[in-house]
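Read through the structure below, which is laid out as structure tokens, and then see the notes.
By letter and in written order, the chains are A, B and C; residue numbering begins at 1 in each of them.
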Amino acid sequence: MLEFLGTFAFALSGIRHASGKHFDWFGGYVCGFAVAIGGGTIRDVMLGVTPFWMTNIMYVLCTGMALFAAILFRKYTRKLDNAWFVFDTLGLALFTIAGIQKTAGLGHPFWVAIIMGCITGVAGGVIRDVLLNNVPVIFHKEIYAMASVAGGMLYWGLFWLDINMPIAVISTFCVICLIRFLAVRYHISLPTLQEER
Amino acid sequence: MLEFLGTFAFALSGIRHASGKHFDWFGGYVCGFAVAIGGGTIRDVMLGVTPFWMTNIMYVLCTGMALFAAILFRKYTRKLDNAWFVFDTLGLALFTIAGIQKTAGLGHPFWVAIIMGCITGVAGGVIRDVLLNNVPVIFHKEIYAMASVAGGMLYWGLFWLDINMPIAVISTFCVICLIRFLAVRYHISLPTLQEER
Amino acid sequence: MLEFLGTFAFALSGIRHASGKHFDWFGGYVCGFAVAIGGGTIRDVMLGVTPFWMTNIMYVLCTGMALFAAILFRKYTRKLDNAWFVFDTLGLALFTIAGIQKTAGLGHPFWVAIIMGCITGVAGGVIRDVLLNNVPVIFHKEIYAMASVAGGMLYWGLFWLDINMPIAVISTFCVICLIRFLAVRYHISLPTLQEER
């Protein structure tokens, strides 16, 4: 259920960005699908396993429903901005943890798992921005990817301390959401690289 | 022979777009090659098999010939615009069917095969547009990708009805070409996503 | 040691380009990492092996050190422009040879190895330019990728002539560096594709 909501929120984010560039329905669908499955697909291709969305039609249908909702309830989606933000953050936390567990489960070292968790959570948005011909927003805006990395490190630490799994997962989930909420609430961002003079 | 013409037309499309951005010969070659093999390569990487162009030097040479032709017959290529359009459409139909058959042959469900057919046919053009720093044209112009998807669905239907293979392939081929021709002839396009107010 | 320097120079090139777009530290790190490992990762994914950086934490740390250096010594990096240019060229030569050897070692034909050597050397820079929303510089500027291709062809010739390995590697290395140095010194570039009239 949570996974469905996260996928829906991710797809909707892609579709809404596509609206801003006057894409047609197909373009909107592809953008939404790219956000929803892009990160996990890059992860799975690097891990050498079949991309997760190819074994479950849920992601294809969920993106279709997001497109349908975006077209039908166009006037109301903006009013739900806060709800989408919450779902998007839940999606980030969920996808990060799923990426870490899948990678660690395949026997890769933990630093690879943290990177893969981050890729799972944020690469879809980068693909969206590349397709829309924008500079990827996560590279110069609020903290987003760092929440995923911080969560990954916490998960590693808890695992290393032999904390039992459900507690580690829930803590990681909460910490990622918390960092993201605080970053947006207080406009916290990383320092910017300065051009050389 | 048909495959060679399709590859040639795809490569030429990449090279001609590259000319518009004043790329050098290498840039033109890469753009052409990306259009010709990009979609099939993404498909093969997702399917976990060796990319098709790595086992047959034909695609590398064909792109080189397209570059050669684009440089040599620069003044005449525009007069042949209609011919390239026809070849490009044949290429779309051919690549779509090849993508579907390869994916289904590996035992994936049919909805995956339809997506893979579409990726084989259109992803090369998306890569081209990304490399040229343009917004991908298939996301906001005439119907192109939807012809591929419609053809894939038809193929599925015919397969399910137990129609024999050659007839299914030829019907799919014709339908994809027909949709594309009609869409361009009558300027049919999908509805555009509207920005929220 | 040479590999470390090449990786460092590649990462620094990504980070410095990111500075020009006012990316934050995370964006700079990702850009640097993409340049350092992007080409080799595309190669490994196509070859169907685990991406090289997933088995050695050196690349992750090296990029971190490059970011650290770029932030700390911001005022001095420009003065070292010539040094970075040399390291970048050494990196190009080194990555090209590594790509060729890995591909040939997996039993692929030599023309595939030359392409993979070129991808290993230059694709990272293309990814960087795509992430920064620029037109890839290697498609319309000085000779860069062609040095890699020329080196690959030389390597092939020497291998075919049964020259012993170390001599072939050193010759290839020198030729790639020499072509690159001469191209930059004398502003040699490939002819540009002309738009049709």
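Operating definition for what follows: contacts are C-beta pairs under 8 Å (C-beta built on N, C-alpha and C of every residue); 3 or more make two chains touch, one makes a residue touch a chain.
The shown structure was predicted, so the numbers you read here are calculated from the model rather than taken from an experiment.
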- Could the interface between the copies chain A and chain C be described as same, meaning over half of its residue numbers are common to both, or is it different? different
- The assertion on chain B/chain C checks that the Cα superposition rotation, as a multiple of 5 degrees, is 120
- Quick one: report the Å distance separating chain A from chain C, using the average Cα coordinate of each chain. 30
- Task: Mark out which residues of chain B touch at least two other chains, giving numbers and ranges.
- Result: 45, 48, 130, 133
- Item | List of chain A residues in touch with chain C within their complex | 45-46, 48, 108-109, 111-112, 115, 126, 130, 133-136, 138-141, 145-146, 189-197
- Task: Would you tell me which residues of chain C are touching chain A in their complex?
- Result: 15-16, 18-28, 30-31, 41, 45, 48, 50-51, 54, 57, 60, 70-71, 74-75, 77-78, 130-133
